[in-house]
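Could you have a look at this structure, given as structure tokens, before my questions?
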Amino acid sequence: MAGKITKVLVANRGEIALRVMRALRELEIPSVAVYSEADREAAHVLFANEAVCIGPAPSTESYLRIDKILDAVRKTGADAVHPGYGFLSENSAFARALRDAGIGFIGPGPEAMEMMGNKLTARAAMIAAGVRVIPGSDGALGDPQEALRLSREIGFPVMLKAAAGGGGKGMRVVRDESEMASALEATQAEAAKAFADSAVFVEKYIEKPRHIEIQVLADRQGNAVYLGERECSIQRRHQKVVEESPSPIVDEAMRREMGEMAVMVAKACDYESAGTVEFMVDAHRDFYFLEMNTRLQVEHPVTELTYNVDLVKLQIAVAGGEALPFRQDELVPHGWAMEFRIYAEDPATDFLPSTGKILRLREPGGPGIRHDSGIYEKYDVPIFYDPLLSKLVVYGQTRVEVIQRARRAFTEFVIAGIRTNIPFHQWLLRQPAFEKGDFDTHFIDTHFRPEYLKQDEALPFVALAAATLAYHQHGRRMNFAGLQAFSRRPSKWKLAARKEAVTRRQS
Amino acid sequence: MSAHRYVVTLNGEKKEVSLSPDGERWAISVDGVTHTLEQTVIERDEIYSLIIGGQSYMVDLVEKNWDSGHFTVSALASSVDVTVRDELEAIAEELTGGSNKEGLFELKAPMPGIVVKSLVKAGDLVTQGQGLVILEAMKMQNELASEMEGIVQEIFVSDGQMVETGAPLARIIMEDA
Amino acid sequence: MAGKITKVLVANRGEIALRVMRALRELEIPSVAVYSEADREAAHVLFANEAVCIGPAPSTESYLRIDKILDAVRKTGADAVHPGYGFLSENSAFARALRDAGIGFIGPGPEAMEMMGNKLTARAAMIAAGVRVIPGSDGALGDPQEALRLSREIGFPVMLKAAAGGGGKGMRVVRDESEMASALEATQAEAAKAFADSAVFVEKYIEKPRHIEIQVLADRQGNAVYLGERECSIQRRHQKVVEESPSPIVDEAMRREMGEMAVMVAKACDYESAGTVEFMVDAHRDFYFLEMNTRLQVEHPVTELTYNVDLVKLQIAVAGGEALPFRQDELVPHGWAMEFRIYAEDPATDFLPSTGKILRLREPGGPGIRHDSGIYEKYDVPIFYDPLLSKLVVYGQTRVEVIQRARRAFTEFVIAGIRTNIPFHQWLLRQPAFEKGDFDTHFIDTHFRPEYLKQDEALPFVALAAATLAYHQHGRRMNFAGLQAFSRRPSKWKLAARKEAVTRRQS
Amino acid sequence: MSAHRYVVTLNGEKKEVSLSPDGERWAISVDGVTHTLEQTVIERDEIYSLIIGGQSYMVDLVEKNWDSGHFTVSALASSVDVTVRDELEAIAEELTGGSNKEGLFELKAPMPGIVVKSLVKAGDLVTQGQGLVILEAMKMQNELASEMEGIVQEIFVSDGQMVETGAPLARIIMEDA
């Protein structure tokens, strides 16, 4: 597809669909929502100019169905698709199908997706391009001697990992040479038992790992720039919860070094559009390429605030064939931004998901507050999808101001009817280690316990008083109403009903 | 100046509350200690403003059940469940033993979801903390466990079934029950 | 008062009281609201930590009563007062009474207020300090000869103004020498008749006047800086409606020149805290001192966005004795910001005020939106005060982006139950002259007509369909309910009521 | 497949509307032209989502009076007043002349406020556009004018009085009435 984009189908739901549609509306490009049967009332359907139902609730029967989305594109005459994140956003078959149909895809080409989609080929390609990756063996280890030799090269401590493993299983830290033989034997045995595959490889063990990523933007003309870093180490079960930009540990020199490496990654895969290069950073601030996310990230707003750009509108411009409107040296960050993901899950009960109707919604306002939301008052949160409700993004001059402002914002924020992780954020914002920026990806697991959650000490009395008054006054009213019941003037509707009742009784 | 008496349960504690109009204000006594409060109704049965000892509070009555007296009250950036009973009703319920049944654990769905799998069947012996049912909600699987040791009396759901919050999933009874 | 501020009473209401309390909460300083009997449910009372009633609805009996506010300060133990804007904010007697009572005033000293409070003394002092004012006679004109001589000095066209006049009355433009004699006679006669005082003076006539003001900040240590300009020419009856920063006609050189003059004004009156120096700018971009507002302005947020500062927190710091945290050369503006004042007035009926209950409130969100509000859903807007409900402040990279974003935001904004000027803003944002930045203070008067207001062409059918469905479905339900009425299980409350009814009947 | 007939007034125009269920949708005919629409009720009598010809609209029923059929509907960043009548009611009202009275103008308060001053008194002759009452609301004084020439029959308010929206302020009748 080439030339001006005139109508865009957003192949997603929730807050990111709204985020994209807001950019489209600013550009006066009509937006098309697609929705599953469970999403008829979803915020993105209400916001869009047009809306098409694409199937039953499970995403495998709707949001993940390439054929149905192509049908909706044809039906509405959209000439481009924005995939958001998740769902089909990194599916190269989808990008290819659109290209074949002559429809624009607001994102990178399928080739870049494929290259970055497989961790092993991505790693190999990046090594070839001169990008620093976590040092390790590229294949399975044979005996303890080979393991020792490689580990000496890498430097202790190292991590033994089952090749077929994942999710933290089949991993063992080896701190010095003496531990190697027994550790290798144990890991191989464990791997054989758990995954029916005893292959084990060795990798540098990253102590106090931080997850820091670089936003890149590239156009069809071959320009590529970086827009600083995002610190994403506050995670729970590999799910990011709070992100910020800049990172408390990245200075200008490190930003330039990481940024230039990220641009190298983007160029190595002929990247177009917005993308993110993820790095693992160790306690010495050494960083290693982890993977590239070939899409817009959930946490893109913190970059938008510090660089005063609109990444979605830039994606749309690039997809329309325009060149990037700035050079690297024009991109200077200002201030500090933090994003708090609002999940429908209860931190008091091990983050159990919570769904239901949002009975009351009161959003924070005033200076430095951005709310990217996918909900509204009276919305019934369905059970079928990701629990991300919205993102509260806070901006200020310094990190201290952002923390103070976020605390203030959470005193204003009311989401009632379902449980959310807001109490978790309130806890986090009072942790001295978090305030100092001293944390790694293990922070939540090591520091958080549900019993640490606190409510204002005045709450019990205030709630008791309010409930007692409500109950008392309701009772009074009901008694009064009962006394009045027979003396009321019948309304037109009641008369009609009475007439109908009489008629039926007669027939 | 008749005082109205209620028994209020909050955070597992029962409080004796008496409420009396005091001019344009209310006097509210909790376990014998009296506070004066001023209430303004912004939206009936929905939103109040309370001023208590000069402190200002905005309060939302998020959920309410007038028959059972159960409320969810939101204020001060948080929320809490409260139950209010007339004093006489509360006494009557205490005398009849309420609906408490000992030696029995009924697992209920803590959220709406899809039953992925039952991990036990009727007649199985289970220990405290043992998983009974896996429930999937919002792409996450949650193992729901027994709160007591006992025998599975009944599983109320089948695999793949959608359930609402509060739906009974399984019942465990004491071994010698 | 000196030293740390520990509790602040906000002697104001509406959106500005909330704005100040948000800053206080970020600093973890408890806030005290004062309220009139008509404001018991006002947003600032709900937001504050403490609240004190200070009298009946009319502001002369509450918000303007220095004695009652001092009582509230004593009662709550507040050690400082923030006056907001309007009410007592520029009342030197109030500032003096607080000083005498040893209470901090978050604003300038009474001396600066007094010097700037009287237009004539301010003008004289500024001339003495070397500040450029609108050229004119400093006293009443005698005969046409004197008028001619002075007008030649000033340069035609000039404006004849009744000394006792105001609000646009007793003014006459004189374009060349031949018109002078008759114009002077007419103006003097008119002045004598209207104000019982025939004194008339002459002043340079500013063609296509723009109202542009400079934000200044000064501390007790003698530092004073400027934070760029705000363009405030979109006015109706001398009431600002839309403001922006930067101004479309101010470049870096002009900003520096105006800024340095504003700092000169601030230093000439020994200013402390945030203040605003207003200028009149003519079609040649020459600017003249008009007056200084010795308080926080309504439109301060556009400066906060372009300079990434929090003016209220800076006021609090300065009032606590701290020095300004930046030097002039560190203050560089970025991006563009525009503020849209949301008034409770109906642009379709000559901006007639509108009050009543806000039945639905849905606020815009997403990138670049700040909402400084004094309202909430279910709030009943009282009739006694200023009709300003809230301010929608929009930020972006360029002026074009801000206009596009504001249009988008107004498609999301729902305030139902009362009329607002939102339709006016929607009209304004589509005016080519406004888009080009080509306007002056006469813009609304010359360009706006109520019949230009437009609604979406799909609205009539959508509204018709929705209302018909609602009416139809309600009717069906009522009929059904009527049929069911006698078969319902009685609730506990109804039983109680019935019992009480029976009891009463027996007694 | 019964069609329900209504007469709907909007922006001063009367439309004949017929509404029929069409599976999960509705067929709605306005002055003979039929559209298919899909309605989802988000909050009963409050918030709807309508999809009409693929276009999506969020609609708020802001004010409603079920007896008179008056609605204020908010959608598309704006709002409009609509009146819905059953067809039979509308015909009956037309036959009895409804409540229209010609040769009479009743000035009502367009907003709540305080009556600053009546500019005329009973028996005065007034012209169209002449000010009758000054009403102050939100610090602004508003002169409310007569919509017709005639004689002041009655002033219903006194200076300094507070009035609510819709309160009658003055009645003008035709000179020869």
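The letters A, B, C and D name the chains in turn, as written, and every chain counts its residues from 1.
Here is the rule we use: a contact is a pair of C-beta atoms (placed from the backbone, for glycine too) under 8 Å apart; a residue touches a chain by one contact, two chains touch by 3 or more.
Because the structure is a prediction, the values reported are computed rather than measured.
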| remark: Ranking C-D and B-C by C-beta pairs in contact puts on top C-D
| query | From the centre of subunit C, which chain's CA centre is farthest? | reply | B
| query | So what's the Cα centroid distance for subunit A and subunit C, whole Å? | reply | 39
| task | Averaging only over C-alpha atoms, locate the centres of subunit C and subunit D and give their separation in whole Å. | result | 33
| message | How many angstrom lie between the centres of subunit A and subunit D, each centre taken as the mean Cα position? | response | 47
| Tell me, which residues of subunit D touch at least two other chains? | 55, 66
| query | What are the residues of subunit A that contact at least two other chains? | reply | 47, 411-412, 474, 478, 493
| task | Can you check the complex and tell me which residues of subunit A touch subunit B? | result | 344-345, 349, 352-356, 359-360, 383-387, 410-414, 416-417, 422-423, 426, 455-456, 458-472, 474, 478
| Residues of subunit C that touch subunit B when the two form their complex | 33, 40-41, 45-52, 75-76, 378-379, 491-493
| said: Going by the contact rule set out above, which residues of subunit B touch subunit A in the complex? | reply: 4, 6, 8, 10-11, 15, 17, 19, 26, 28, 30, 35, 37, 39, 45, 48, 50, 52, 55, 57, 59-64, 66, 69, 71-80, 82, 84, 110-114, 137-140, 142, 165
| query | Tell me, which parts of subunit A touch subunit C in their complex? | reply | 18-19, 22-23, 25-28, 47, 301, 304, 308-310, 334-335, 362-363, 365-373, 376-377, 396-397, 401, 404-405, 407-408, 411-412, 474-475, 478-483, 485, 493-494, 496-498, 500-501, 504
| note | Touching subunit A in the complex, subunit D uses residues 40, 42-43, 46-47, 49, 51, 54-56, 58, 66-67
